[in-house]
Structure formats: C-alpha cells, structure tokens
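There are structures below to look over.
Here subunit A shows up in two complexes: once beside subunit B, once beside subunit C.
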Partner chain A sequence: MASPVTMVRRLFAFIDTRSYFFVKLIRAIITAFLILVISFLMIRSSGNPAQIYLGEEAMPEAVEYFNKKWGLDKPISIQFVSYFSRAIKGDFGHSLIKSRPVYQIIMDRLPATLSLMIPAAIISIVFGVFLGMTASAHRKKMTDTGILVASTLGFSLPNFFFGVLLIFFFSIVLGWLPASGNNTISHYIMPLIAIVTADLAIFTRFSRAAFIDIYEQHYITGFRSLGVRESRIFFFQALPNAANALLTIGGFYIGSLVSGAIVTETIFAWPGLGSLLISSVKARDFPLVQGLILLFGISIVVANLAIDFLYGILDPRIRKGATT
Partner chain B sequence: MIPTLMNPCPSEDFSSDGRAPLLSIKDLEVNFETINGSIRAVRGLSLDLYAGEILGIVGETGSGKSVACKSITQLLPQNASVKGSALFQGVDLIKLRPGQIRSFRGDAISMIFQDPQSCLNPIKTIFSHLKEVFQKQGNRKDLKQKAQQQLTAMQINSPGKRLRDYPFQFSGGMAQRVQIAMAMWGQPDILIADEPTTALDVTIQAKILNDLKTLSQKNKMAVILVTHDLGVVAEICDRIAVMYHGKIVELGETRQTLSSPEHPYTRALLASIPVIGQPKALLETIKGESLAANMEISGCDFEPRCGYAQEKCRSVAPLPGKGEKHFARCFYPLPGMKKTLTEKKAIVREMNTPAVLRVENLTCRFKLGQESGEKEFFSAVDNVSFSIKKGEIFGIVGESGSGKSTLAKSIMGLTPPFSGSIQFKHQYLFSKEWNFKSYAANVQYVFQDPLGALDPRMPIISQVMEPLEIHGNLGKAEKIKKATEILAQCGLNHSFIHRKPYNLSGGQRQRAVLARALINNPEFLICDEPVSAMDVSVQAQILNLLKRLAHEKNMTVLIISHDLSVMNNMCDRIGVMLAGRIVEQGTVERIFNAPTHPYTQLLMSAIPRIRRNRQTTAVTPPGEVGGIQDELLFKVG
Partner chain C sequence: MMFFKRYPPLFVFSVGVLVFLTLASFLPTPWDYNHQDLMTRFVPPLFFGGNIQHPLGTDHLGRDMVSRIMAGIRISYFIALAGTLVGAFIGVVLGFAAARFQGIIDEIIMIFVDIQASMPFILIAIALLSVVDNSFWVIVILLGFAGWEKYARLTRGLTLSAVNHGYARAVAALGGSQKRIFFSHILPNISSVLIVNMTLNFPGTMIAESSLSFLGLGIKPPMVSLGRLLGEGQVYLLTAWWVTVLPGLIIFLSTLAMTIIGDWVSDRMGTE
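Entry: the complex of A and B
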C-alpha cells in the first residue's frame, strides 16, 4: 500500500498540472469558493439574524433559544463549515417571508427565466452575428451604415423606456398583446423584443468588428491568391477565427442569462428570477437574496469555465501554451 | 552557383527578340478612391514577363510595386479601380469576372507574401492549409500522402508530424517554405513573391532565395520578386524593374542595370546603400522625400530630387519605354557610376581613450516554468564581456533571438542581470549607490519604430523638450530655444517642430526621436535597430546624421542591428552575438576581412550584396532552415 503522499504525487503526475484546462478548472473552483465566503460574510455583517427574525423588541430568552436552535452561538468558523456543507448540497435555508426553502422558491422561478432568456440569447446571437457579417461585407456602404445606426439606437434605448413604450402601444392603445405574466406564447412577444433589441446590438457590433479584423489578415489574402473559393474561406478560415473573438463577450452574456433581464422582468411582471431578486431585496428576505446571489455568481463562474474550455478547444495557441 | 553582379550565371536572354511573353502588362493604372480624394498608386505600367525568368521589381515604400502585382490577380480592395490590360495566354486577366479569375489564381499565378507566419491561419494545422489548396484541384484522394510529398519537396523534415503542427510551431523560414509549398501545388506558370524574405534573418533569406531560384529553373516558372532590397535582386534576378511614383523608371538586365544605371534614381538608390569594405564612409543621400502618391507634377516625377535635372525635366514628363532591352525613363540617361562610388568621404577618429562602459560576464535569465520540481531557465544573454571606449561606436550584430535586445535593455538599466556586472564610468549598475535617474540623463535609447516611440497626440517640440523637464530646471523660453536648436541639428527645421508624429515621414520621425535622445547631451547613446524599418534612401540620411552627431558631440554609441552592411558603415568595433553569447569581437576591418568564427563567416557569406569582387560567390548555409543557430551552437559547444 503506497503512502498518501506518493498517491497524491501519482495523481498529479497523471493530471498535467500545467495544462491549460487544469489551471482553468482550479481557478473556477477557487472563485466559486470565494463567492461562498463573501456571501456568508455579507449576510453575517448585515445585522443580527435573531433580531431580524424576531424583531427589535424580542425577549432575550427567545433570542438565546433562536441562536441555539440555528447554531448561531457556535464560533464563526464552525458556522461557516456547516453553512458550506449545506450550501454545496443546495440547502440555502428558508425564506423569511414565504417560509419555504430558498432552493424550492428558486427552482419554481428558474424555468420562467430560462424560457425567456434562452430564446432571446439564440435570436440575439444568430441574428447579431448575421447582421455583423453583412455589415462588415458591405463596409462603409449604405447597408453597413444602416445596420450601425440601428444597432446604436437599439443599444442606447433603455429597456425600461422601450418596454413601457411597447406596453403602451400594443397593450393599451391597440390591445393586441397581454402586458404581464407568462401564460401564453403571446406573452413572450414583448419581453423578447425588449431584450433582443439591446442584446442584438451588442453581437452585431462585436461580430462586425471581428469580421472586419479577420478579413484584413494576411492569411485571407493568401488563400484568395491561391484561388480558394470565397465560401470556403468564409466557413473554414474566417468563421472559426470569428468564433474565437465572439467567445469573449459570449462568456459574459451566457453567465447573465440566469440572472435574467431584471428590469424587463419587472416591467412585464414576469415571474422569473430577476423580478424575484427585486422583490426579495425590497422585503429584506436575506436568505433568499443570499441564495440568488450565490446562484448568479456560480452560474457566471460555470459559464466562464465553459468559455475558457472552448477557447482551449478552438485555439491551439492557448491549448499548447504558445508564448507568442 | 548563384549569379552575382559581375559574375552572373549563363542565363537565357530575356528580351523581346523572338519569344512571346508569358505575361504582357500594358498601361496598367491603379486608382484608390479614398475619403481624401483619389490616389494614383500605379501610373501606366507596361511590362513583359517571359517564361522561366526571375524579374525583380524594386522600389521604396509607396512606389506601387505591391499594388501593381496584386492588381494582376485582382486581389486589391474594392476601392481600387484598375485600368489597362494584363494578357496571359490570350486572356486579359484584369477584365475577368471574379469567378473567372479564381481559376487562374493558384494554377496559373500563385503568390507568396511577406511575414510568412501571419500568412497562415493561426488556428489551423499545416495539413488543413495544404488541404484547402488541394481541394481546388478536385482531387481528394491520398491528400495526406500528397501533402507529405509536398513538404518533403520543400525540405521540411519529418513531414508526417509537421502536418499536424500549427503555424506558431514553425520558425519564420519554415513557415515561408510552407507558404511556398502551398503556392507550388498548382504548378503555376508565374509565382509572384512579395517581399518574401524581408522578415527573415540573412542566413535564412539566403536559403529561401536559393529555393526560389531552383524552383524557377526546375519548373520553367517565371518569378516576379517584389522587394526593396537591391542586394536580393542582384543575387537571383535576371532582369530588374525600378519603380518610382507608380512608374517604371528603369528596366533592364540585372547586371547591366546595377553596374551602369542610367536613371538618376537608380543610381542614387545604389549609392545610398552602405557598401561593405568602406567603413565609416558618409553615404550618398537623395535630397527630399519621395513624392506622395496623390501628388501630381507636370514634369519628370524624380525632377524635384534629381541632381541632374534640366529645364526640360521640369515641364515635360519622359515617356515609358517601348520594349527595348534596356531603357531608362529619363531625358538625360547617365553613363556609369564607378566614379561616385569610390569618392565617399569617411569620418575617422583616433581612439586612444579610456573605456566608458565595461560589461563583465553578464548573464540575463528568464524563467521558463517548472519541470519535475526544478526550475528551468533560458539564458537570453550568456556570460557576455566587452568594453566600449569613450567616443567609440560599438556594434552588436546578431539574428533574431540572439539576445541582443535583452543585452541592450540590461545596459540601459531596465533588466537586472542574473549575474555579472555592468560598469558605466566606474559605477556599477544595479548597485546600491547607483541612481537610475542620473544614469538615464547620461544614457539614452533610440528604438526601431519611431512611431511607437513618440506620443501621437503631442507636437514634436513638446516631446523633445520633455527630457529637459525631467532632468533640469530651465525657463520655458530657454527650453524652446534648446529644443529648436537640437531639432535643427537633426535636420528638422522650424516648419516641422509643431507637427504631430502622424504628419511626419518615417525618416523625420526618427530624426525627432534622435533629437529627444540628444537634448540633454548624453555621453552614451544606445540605438536598437535604428534604421531597419526604413527605405534605403532614408536609411542613408539617418546613418549619416548619426555618424556626424556622434563625431560632433564626441558621443559613445552602441548600435544593435541585424544588418551587416549598416554595421560595417557605422561601427569602429563590433561583437557578433549567437544564442546569447558574443562569439567574436574586434575591429570592423578585422571582422569583415578575416572572420574567424564559423558563424561570423556564415553571416558574411549570406549577405546578399551587389558584388564588385569577381572572386566571391554567395554561400548557402548548410542544414535546415532555422536550425543553423542550433547546429553551430552544437559545434561551438
């Protein structure tokens, strides 16, 4: 039987500790741990839980009983260990207002957010990249200018304003679409429009810049000069390189999908996580806020880890640790 | 054997008599429509190219040489309009629709470009590059095997493994061979090589040029070699076309054109190249700057800069040639140039002064990473010792990766050494008593890229004044006076000093950088590749200026360069660097006339030069491209 030290050594010999993927994984785990620590400290520093729960004028006996029941009389390190072990099992405690487990409340709301955000993301990315490509192909011509102006407009129109405008026209004036809720397909139309106008503009601008940059690279001219078809140059040379560039903003974007469009959800009374966050902050429902922050934080970490892995898969220079 | 100026290969006669040209360009005009109006990049170019010949097109930045070549295969951006004709096998390439020209590219006419690494897609394997070109042929069988054969033909070792590698795993020379392998796949009749060796070291350049020559002879392929380097042209070209301001000003057989140029511009270009064997000579310069591409003048384009211009040149433009064997676009063609070459003045100084800078056993290391617990280091500078005397110009010459820039940074006081010492005027750098600020007032640095060294938003005069603000306390009027003086000494008169760097040419920018470095009267000046980004005529001006100022101000200068002819022209003594070590040092005369180290000999033999000596021929270095340094290191131990 080998000693534990040699076993660890063997494990590390098996996993290439300098490999790109390993380094990224370790970093993600550390970040996730830090998010847990910070959310724990944040709640602890926001006041005495017993007083928040029982009110300012609670009897001292009640406070003592409460602290004992929830383990708050133990040292802070012990508290963190039990918090940590529960958190990784998905147990974030009970909501103060709704007296249900935080986990259940979040799980009830998550589908509504994802059902709105995933279509919005697909539409934004697909059409954004397509528009960006079109604009870069017609650079400095009417098409390009038109797309640029429209995207600037879409990006600079604040969601709360545009959403309210949509409700005013389509629900109040015309009466065509429902203004709140998520029961039918027609409920989805206005929130989707509101989210997509802004997100589409981001992807349009980024992909336009990426394609312009790539088509100025020498290797594109090189393949052209040897008679390779434009379509093949586009699909096999330009697109993979553009994907690489687009991954960077994709990382930020995908991570924010779970948190939902907070403003848009509130305007359209969408029963998702965004509006849940707003209402729980208003109600000072600390366990729920803590659970949501953890969820948003971890989902950003996971999304970025996925993006980092994709970088490594797509770009050999990163995978093989090129210095130049 | 490689043809040299006086000793050419017995080559076929590539002239109009009898044979039909392979490619016939007539009255080629290229216009670029820009926001600032239209720019005529090529102005009526006519040229015949014959099968199997190597034609060199030479010209300085902006002369239209690359644009002309790209217009033949319609590779110019959309804002370019091309007129004229380019007949290839009875087809006018310029009039073809985009779908039609594509079938000529790669099969009839292939191109290779400068900076081979950026010409390969960084995220694709070499096999995927070759496959993309093969795909065009429609034959998809045995792709892997064919790709291997193609790499083997280009002398790339272990092609099976190399096919799976990515461009960043290739050295510059190897990447250029991959590019050539791609270009040669369709067995083209014409290969257009646009500055194919400009980004490469001299030893590798020699091999690539040799490859091109061999390929051309073996396949009866015509090559158009676009370059700014007359030495490269002299090395392998059968004919040469000199371009100025979008026109061919002289066209003829290489040997004849280079030995007795008829156009004043060709003559001036040749005279401004430093010639090895004439150390410290002041170079001939061409007055003024090249005409901007959007400038139109009524007479001869070169007239404003020409020393031989007469009344007629000012009003009438000389006409292009009509297919003569040798022709110069000039009313008063010159006879020979032998006289001017020998009459160069030289600045020579006596050197019996004490050493100012003393470098002893200097080693600079970088950490690479950890392997099995032990730290790995890379010694960029390895046990280097030398000293520079007061008033001396000392040169460090070496190829890319030899550690010469790290050495310079260390002497500048920016990179602390791992071991060894640097002593400047009896004070040790990086010691406790050493003060960087007072050192920096005495030691200045000039970089390769003047545009990067200048603040784009600040007028030149304010930038030149900046060192005065750091190292002294003069009044504003005094500072301006001093800055104006030093700028004038560097050749920038009053009309330039309030401009911003973007409104200056490359040479003027380097003059401004020099003025800024010299304003505090430093005792010691470090120049890192001060002229390597410049055209030869500008290079000559800057080199002369450096020589004159070093002499006038009795400055000690350390020059770092990969260009041996520049070194020969500038330095009193030089040190040759290879893989972090100085393998040989001595006076310029000794190093150039009797190099003892094999690497120095190899370097000397690899320089493409316009030879005036019958006996010498260029030697192609042995071994694989990129492996020369390793090979020699192994021998040297």
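Entry: the complex of A and C
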C-alpha cells in the first residue's frame, strides 16, 4: 500500500496539471469555495444570529440554548465546516420572516424565473446573431446603419427605465397589457421585451463584428476562388467560427442574465428569485439572502465552467495554448 | 466644415449634452431639492397644465422636480466619475503588481479578476449592501469594484509586453529604478488604452449606480440620484408620470451621449 503522499503524486502525474481543463476546473472550485466563505462571513457579520432569530430582548437562557442547538458556541472554523456540509446538501436554514426552509422558498420561486430567462436567452441569441449577420452582409449600407443605431440605443437604454416606459405606455396609457404578475401569456410580453432589448443589442454588435472579421479572412477568399458555394461557406466556415467567438461572451452573458432577472422581476413584480432577493435584502432576511446569493453565485460558476469546457473542446488552439 | 470632418456632429452634440447638463446642474434654484410643500403636490410640467413656478412639475411631497433632477445629476455624475476613477486605480495597481511580481501573486490576482468578471455587479453589491450600510462612499467604492478587472487585465498584459520586449528592459539596463520605469515609461505608454477603457466603462458605471438606487439599495435619502428619483416615482406612475419619466430620460440621454463619446474615442485611438 503506497503512502497517501505518493498516491497524490501519482494522481497528479496522471492528470496533466497544466492542461486547460484542469486549470479551469481548479479555478471554478476556488471560486465556488470563495463564494461559500463570503456568504458564511456575510451572515456572521450581520450580527448575532441568536438575537436576529429570537429578537433583541431574548432571555439569556434562550440565547444559550439557541447557540448550543446550532453549534454557535463552537470555534468559527468548526462552524464553517458544518455550514459547508449543510450547504452542500441544500440546507440553507430557515427564513426569518416566512418561517419556512430557505430551500423550499427557492424551489417554489425557481420556475417563474426560469420561464422568463430561458425564452429571453433564446430570443436574444437567435435574433442577435441574425441581426448582426444581416448588418455585416450589408456593411455600410442603410440596413447596417439602422441596425447599428438601434443597437446603440438599446445598449444605452437602462432596462429599469425601459420597463417603466413599457408599463406607462402599454398598461397605463393604452391599457393593453398587465403591469405585474405572471398569470397569463400576456404577462410575459413586457418583461421579455425589457430583458431582451439590452442583450439583443450586445449580441447584435458582437456578432456583426465577428462576421465582418471572419469574412475578411484569407481562407474565405480562398474558398470563393475555388468556386465553393456561398451557402456552403456560410454554414461550414462562417457560422462555426462565429459561434466560437460568441462563446467568449457567454460567461459575461450569464451574469447579465442574472442581473437582468433581478431588475426586471422587481419592476414587473414577477414572483421569481430576482424580486425575492431584493425583497429579502430589504426585509433583512439574512438566511434567505445568503441562500439566494449562493444559488446565483454557484450557478454562474457552473455555467462558466461549462462554457470554458465547451470552448476548449471546440477550439484546439485554446486547449493546447497558454493556460491562463 | 473642417471642424465637423474632424469631430462628427453626433460626437459634438453628445459632448454638448453632457457639458450642458453638468453646468446647468450647478445653477442656483428657487427651491431646495428637499423643500416640501404639500399644498402643491403632483403639479404637472409646464406644457401639461402646470405653471412656470415648477417648469417640470412636483412630486408626491410637492418637491420641485427641476431642483431634484439638478441635484440628481450632480450626485449621479459625481458617483459615476469617482467610481470609474476608483476602479481604474485599483485595476492599474493590481495589474501592475501581477506583471511585476508574477508567480503566485500573479495567479492570485488573476483568480480574483476571473471571479469579478464572472459575477454580475448587482449580485456583489447586494451581498455587500445586505450587511454594510449604504453610505455615499461605500457606493463609490462598490462601483469602483464594478470594473476594476478590465483595467487589471489591460495593465497586466501591457506591462508584461513592455517588460519582456523592449524599452522597459533598456531603461532597467541603464539603471532606472522600478518606480521610474513604471511611472515615467510604462504608465504614459499604456495611458491611451486606459483612457479608452475609462470612456467605454463610464456609461456602464452610471447605469450600475442608477439600477442600485432604483432598487432602493443605492444612495440614501435625503440625498438623491437620478436612479433614486426614478425608483421613488415608479409608484406614482399612474397619477404623475413626470416624476419617473423625466429623470429616466436624463439617465438615457447621459448614457447615450457617453456611449457615443466612448465609441468615438476608441475608434480614434484605435486607428492612430
């Protein structure tokens, strides 16, 4: 039986520690760990948990019982370990205000957020790429200028102001659409428009630049001179290369989707996780805030890792190149 | 005509808008921005049935919207500017440290750059503001953290290439100190790239502050920022649209002007 040290050594000899995938994986683990530490410290620095739960005027015996029950009389390192093991199992404690487990509250609200975010992402990406492609094909003509102007406007229009304008025109002045809630299909229209506008502008600008760049490459001219059909060049050369370029902003987009959810859900009183986060911050419901921050943070880390892996798989230059 | 060839009309207009709004926000007003008068609640703007005393109307406490918007511009612009500078400072220092010391320090700084780049600003801000009081300078520093990683990445890359090939090595060979190499040689060389990044970042910083204040987590009353005005007024959209829409229009106009200026600056610096 080899000693643990040699076993670890053998393991690391087997895994290429400088490989792209390994570096990305380690970084994701470090980030996830840091998010856990920060969320742990967050709730600790927010005050004495016993007093938060039991109120300012709690009896000393009750505080002592509470501390013992939740292990708060133990050293902070041990507390972190038990917090860590509970968090991994999805146990984030109880909400202070709704007196229900944080996990349950989050699971109740999750479908509303996903039903808004997934269509928003699909619309932004599909239409953004299409508009960017169209603009690049008609470069420096009216279509291109129009799309560019529209995307600059969409990019500068803050989503919270756009949401308010939509409510003003379509709910108050015209009375066509409901301003809050998520009961019917018509409730989805304005929140979707508000989220999609800014992201659509970003995808349009980015894919326009990507397509222009790709079509200026010499190999495209090479294919053309060999008589390869334009449609073939588009589907087998331009599109895969553009998709690859789009992946580079994938990580950024996940983050923007999350902040879009937080702002848009608040404007339209959408009963999802974003509006829950804002209301629980205002109510100082720390366990709920902590659970939501952990959930959002870890989801972003996992999504980013998936994008990095996909990027490495699709592009050998990245995989075999520098590790940073 | 030469002037407009060099500086396109849209760019001149954008600069004009920002200069006008900044200067106008410092003009004296007949009302204090927190002066309440419950007798004149929800007075509409001048051309919508209002009067000359309150050209842009009043809000739910009878406070003059012109004065409030002016105060909002002062505070929003200042915070966006200060936040951008704080971010640039933190980023340049850390980026240079990463390039200068390399090894483990470089690794640690780059891990933080990666984390910052993947986490949306609002999430970090909410995590911090749920435990720290949202005072004025906390907001400024928080906004600095919204964009430091771009400066860090730029400074690190540019410093590494300067150190590895060329002039920084020559200066070092001649006996120049590290301080001298950085301040007299590398910093002036990378400053144009940093300035481009600052102009590109500025509208984002402004929107970040506005969204925080809109959500009620930014600037605290009695202080006002444009985002705070917009957020407070949203409740009264049904009765008094101007309380929300006017500050929103100013935010939109400002970020649009800043985006146009940023695009122009980066185009120009890029081609030269």
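In this section, the second predicted complex is superposed on the first by the 293 of 324 C-alpha atoms of A that agree within 3 Å, B and C clash if a C-alpha of one lies under 4 Å from a C-alpha of the other, contacts with A are read in each partner's own complex, and residues count from 1 in each chain.
Convention: a residue touches a chain if its C-beta (ideal position, glycine included) is under 8 Å from a C-beta of that chain, and two chains touch if they have at least 3 such contacts.
The structure presented is a predicted model; accordingly, all values stated were derived computationally and were not measured.
Student: When the two structures are overlaid on chain A, which partner does A:Asn244 contact: first (subunit B), second (subunit C), both, or neither?
Tutor: first
Student: Once the structures are superposed on A, label A:Ser207 by its partner contacts, choosing first (subunit B), second (subunit C), both or neither.
Tutor: The answer is neither, since A:Ser207 touches no partner chain.
Student: Identify the partner contact of A:Ser95: answer first if only subunit B is touched, second if only subunit C is, both if each is, neither if none is.
Tutor: neither
Student: When the two structures are laid over each other on chain A, which of subunit B and subunit C touches more residues of subunit A?
Tutor: The partner that reaches more residues of subunit A in the superposed model: C.
Student: Per the contact definition in the header, classify A:Pro316: touching subunit B only (first), subunit C only (second), both, or neither.
Tutor: In the superposition, A:Pro316 touches subunit B alone.
Student: Thinking of the overlay built on chain A, is A:Ser136 touched by subunit B (first), by subunit C (second), by both, or by neither?
Tutor: Neither: A:Ser136 stays clear of subunit B and subunit C.
Student: A:Phe236 in the overlay: touching subunit B, subunit C, both, or neither? Say first, second, both or neither.
Tutor: Only subunit B; A:Phe236 stays clear of subunit C.
Student: Where on subunit A do subunit B and subunit C both make contact?
Tutor: The overlap between the subunit B and subunit C interfaces on subunit A comprises residues 324.
Student: Hey, which residues of subunit A end up touching subunit B in the complex?
Tutor: 18, 217-219, 221-229, 232, 236-237, 240-241, 244, 314-317, 320, 322, 324
Student: Note which residues of subunit B are touching subunit A in the complex, please.
Tutor: 73, 75, 102-107, 110-111, 113, 115, 118-125, 128, 132-133, 135-136, 166, 168-169, 179, 182-183, 185-186, 369-370
Student: Which residues of subunit C touch subunit A in their complex?
Tutor: 110-111, 114-115, 117-123, 126-127, 129-131, 203, 207, 210-211, 214-217, 227, 230-231, 234, 237-238, 241, 244-245, 248, 251-252, 255-256, 258-260, 263
Student: For a test of understanding, state which residues of subunit A touch subunit C in their complex under the given definition.
Tutor: That would be residues 27, 30-31, 34, 38-39, 42, 45-46, 152-153, 155-161, 164-165, 167-168, 172, 251-252, 254-256, 258-259, 262-263, 266-267, 277-278, 281-282, 284, 286, 289, 293, 296-297, 300-301, 304, 324 of subunit A.
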